[in-house]
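Both of the next two complexes hold chain A, though its partner changes from chain B to chain C.
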Partner chain A sequence: MSFQILAEAKKVAKITLIGEVDSLSAREFQKEIERLAVEQPDELVLFVENLTFISSAGLRVLIFAKQKMGTHLAVYMVKPQESVVETLEKTGLHHSINIVDQYL
Partner chain B sequence: MERKTFPGTLDSLADIRQVAKEEAQRVGLSKKAAYNLMLAIDEIATNIIVHGYEEAGRSGSVDVVTEVADGQLILTLEDDATPFDPLQRDLPGEETFTQPLEERPIGGMGIYLTINGIDEFRYEFVNNRNRNIFISRIGEK
Partner chain C sequence: MIENRIDYYPTHEHQGIKFRRGHALPFGATMVANGVNFSIYSSAATSCTLVLFERGEAEPFAEIPIPDEFRIGNVYCMIVFELDYERLEYGYRMDGPYNPAQGHRFDPTKILSDPYAKVTGGRDTWLAKPNWDNIYPYRSRLAFEDFDWENDHPLETPIEDLVIYEMHVRGFTQHPSSGVKNRGTFSAIRAKIPYLKELGINCIELLPIYEFDEWENSRESPTTGEVLVNYWGYSTVNFFSPKAGYAATGKFGMQVDELKTLIKELHKAGIEVILDVVFNHTAEGDHRGHTISFRGIDNKTYYMLTPEGYYFNFSGTGNTLNCNNPVVRNMVLDCLRYWAADYHIDGFRFDLAAILGRAPDGSPLSNPPLLESLAYDPILAKCKLIAEAWDAGGLYQVGSFPAYGRWAEWNGKYRDSARKFLKSESGMVREMVQRLIGSPDLYSQRGPTASINFITCHDGFSLYDLFAYNEKHNEANGENNNDGANDNNSWNCGWEGETDDPAINFLRHKQVKNAFAILMVSQGIPMVLMGDEVGRTQKGNNNTYCQDNELNWFDWSQLEANADLYQFARRMIQFRRHHPVLRSPTFFQYWDYASSGFPDISFHGTKAWNCDWSESSRSFAFLLCGDHAKQGIVKDDMVYVAMNMYWNGLHFELPALPEGKRWHLVANTDMGYGEDSFDVGQEPELENQTDFLVGARSIVILIGK
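Then we have the complex of A and B:
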């Protein structure tokens, strides 16, 4: 008889972004990050399948998240659109963010 | 040549991007080129509104002027803020973008994305107005 044990103690913060993140909406995004940072999550998961636009203001919130939530924070972006991935690559953020097709 | 005027506030950004998107589609830019133009316009319009107007305690408008000439789509943002050439600031070098996020200086990303996203970006100060000019070649990419 086989034995399995699965345990999880990590804290995960999840945010879904829909539509366009520009300098105006980035302020809302940042407030949400600040609110979640209090919980000191280990992982930040961003569901971005329906995110159609992100400017540098939005990217700065991602940098802010990493700085605010601690360097141990693992950031996941689930299903970003091609143009969003390109912006992440141009600015090198793809080195610090895990781009994934799904988060389990 | 067509001119559209928007209030110099952040809630104009979506409408300003929309102009860029519509013009890009009208002249048949690729989806990628259209997105990059929209991004470039958004970045510079943000700088005008945040630094040129909000932080300076001034109010004003942002005009989007559209022109198609010599196989190019030329969009110009005009504003009445203090003269500011976005190309005068130091651009972040390649090394900035390989730094871990937590060590990275914030800033410079917007102008970097602007210049890298379109065929040509120019700045001029004419008739007491800042003019940020975005040029996309039609029929390429």
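Then we have the complex of A and C:
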């Protein structure tokens, strides 16, 4: 399986993304975000060390998350690979996301 | 909840695809709850089929004939459900008469792009070799409207305060010396924003970024063997889609986000964005051209046709868009509104805009409805509108373009006058003065803000080449040097092309500086061509439309090699932006309405207050009174500019300043690097306050403070 979601929702929502987020797996990702949004978390933490590719659909889910959960939501992306960071930068999304090496 | 609306449930099914009657407006493909609303106009089609592809697939996964009962007037519309927005590509087949003499060229074997598509795929990476057997090469896609603009807003800088920088997206950073990631893309321009800020420009004008096909009319260069392409991009495939090949993320279909990010960042840096838009023709060419979209959807509506059904060619490229047909006019309006509203574009420069004032039969209109509509449009109300006020059919409207108090123009006469004056032609003093004061002879009712002043642009010699070549050298274009303009008003300073002669090279650099000085002290809006500030050369080629190579690319190593030019250009731009007296929104009145003791402008020569206007004169000076800046609303220094294009130096007697003020040196193009110009606030005071020796073919700028 190239893609998994492990989530828990308190005030901090955590999701682990593995493999590739293409347009199909992005739908699963979005459903998970919608589910988490009900809990109104303050922080969304994405563990992406083993994420090798994120498609435009996947990036749109990040935008969706901000819109769905409110602008107060802090989004963390933990240990993204260089190619993922580049995609975020080219599309300007890195301004909306905190890229960190670890989440404590 | 919108999902529960009764009109968002399917009523029909075909090949497993569910759909229902759609909405006629807006045209194009619009996401609605659970589906996509497709809407397209054709005045003469007898049927219309929606063709759906998975992204990149050779064959469609469905073709849905739009039921005739879904047609509203001449609009076919339908909502299709449960489509994958991200992976969908769509097009149309239109059936109808094939009768060119009547203007109809329907061909149901072709799959046609949607004229209102917001994203067009198929040329996703610049110059990636296409599959020539693709049955649908330019694929319409959906765009999302979820971009986070934060607090961004078009800057609405007063037009007289702009310094425009004409730039090619790819050419700006494609050279390996640019030192940025993703060379040649929107993203790479973002990395160069600090450079643009340091240079001091506050507006970039991008050569066409609508989707075009760089492969159009591609061929081999006879001199180098490399492929010649449609580099400039003045040949639109789709008016609503940004060029995917200009985006590093084009292969992911994210060019919309990348371009919007660039615009947002430019705005943060105080830099406006003007688009060069091409509404005079399309990439479909004449009757021998490809059918991409318009020709197959409604040929008679979209194109100006001769009585025999051939294409009028006022654009010089095969066809002419029928802009004053009400349907096409609305498309142009919809398009510009979309770019202004969704991309926060600050203004538009219209390529061959005289065509936009022609009637469907080609005759010039006295009150062209399209131009009037644009001028009074509520959404475009704060956008700059700039016309290239001529076309390839002989209509030349510089000074007479129907402006409705809104339109500015590329002032072709400014370019010609400045070039002739710079090469020391006789009888040019009066003409040059007209251009320096904002061309009141051309724009008496409109003011100096109607005049976009330029000496060079993408079309023609670069500024350095203007002083290095007497003749064009376009052999690399493969047209036997027959293409490109012959009347360049250039002067090679004594040797054709590159030379080691230090005197000639010094003179060339001086002429480049003279040109920058003239441009930056002129009333009106200056426009600088990308790279002119570092002496970019096109090796004498004055028509580089097909050259995707170093003839067009900005060579960033020139920043060091020609540091003198860069420093001078930067300081001249800084000087202009610091002195409001150079940027009046209205014409001079030639009298002292601010009671300062000086008129707003006065003319001088080797004797103060005595200008030589004769045919043989090649020199003059003018004095701007700072108390009259912006019609006397703000205070500025006195600005004195002496221009001597005579081939010997001349002593200019300086006008006496009011008590307490002293003359300071801003620029002297006769001097070498380090002594030719000074930063704002660092101008040295002159020892001799009564006269100044202005060198041969030199310009001196002083301020009195």
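As a working rule, the second predicted complex is superposed on the first by the 94 of 104 C-alpha atoms of A that agree within 3 Å, B and C clash if a C-alpha of one lies under 4 Å from a C-alpha of the other, contacts with A are read in each partner's own complex, and residues count from 1 in each chain.
Throughout what follows, a contact is a pair of C-beta atoms (placed from the backbone, for glycine too) under 8 Å apart; a residue touches a chain by one contact, two chains touch by 3 or more.
No experiment lies behind these values; they were computed from the predicted model shown.
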- Query: So, A:E39: does it touch chain B (first), chain C (second), both, or neither?
  - Reply: neither
- Go through the superposed model and pick first if A:S96 touches only chain B, second if only chain C, both, or neither. both
- Message: In the overlaid three-chain picture, which partner chain does A:S83 touch, first (chain B) or second (chain C), both, or neither?
- Response: first
- What is the contact status of A:E28 with respect to chain B (first) and chain C (second): first, second, both, or neither? neither
- What is the contact status of A:L62 with respect to chain B (first) and chain C (second): first, second, both, or neither? first
- Chosen between chain B and chain C, the partner touching more chain A residues is B
- Would you tell me the residues on chain A in contact with chain B in one complex that are also in contact with chain C in the other? 23, 55-57, 59-60, 63-64, 66-67, 86-87, 90-93, 95-96
- Contact set on chain A toward chain B in their complex: 20, 22-24, 53, 55-57, 59-60, 62-64, 66-67, 71, 83, 86-87, 90-93, 95-96
- Under the touch definition given earlier, write down the residues of chain A that touch chain C in their complex. 23, 26, 55-57, 59-60, 63-64, 66-67, 86-87, 89-93, 95-96
- Complex contact set, residues of chain B against chain A: 10-11, 13-14, 17, 31-32, 35, 38-39, 42-43, 46, 49-50, 96-102, 104, 106, 109-110, 112-113, 116
- Message: So in the complex, the part of chain C that touches chain A is made up of which residues?
- Response: 84, 86-87, 144, 146-148, 150, 181-182, 185, 187, 247-249, 252-254, 257-258, 260-261, 264-265
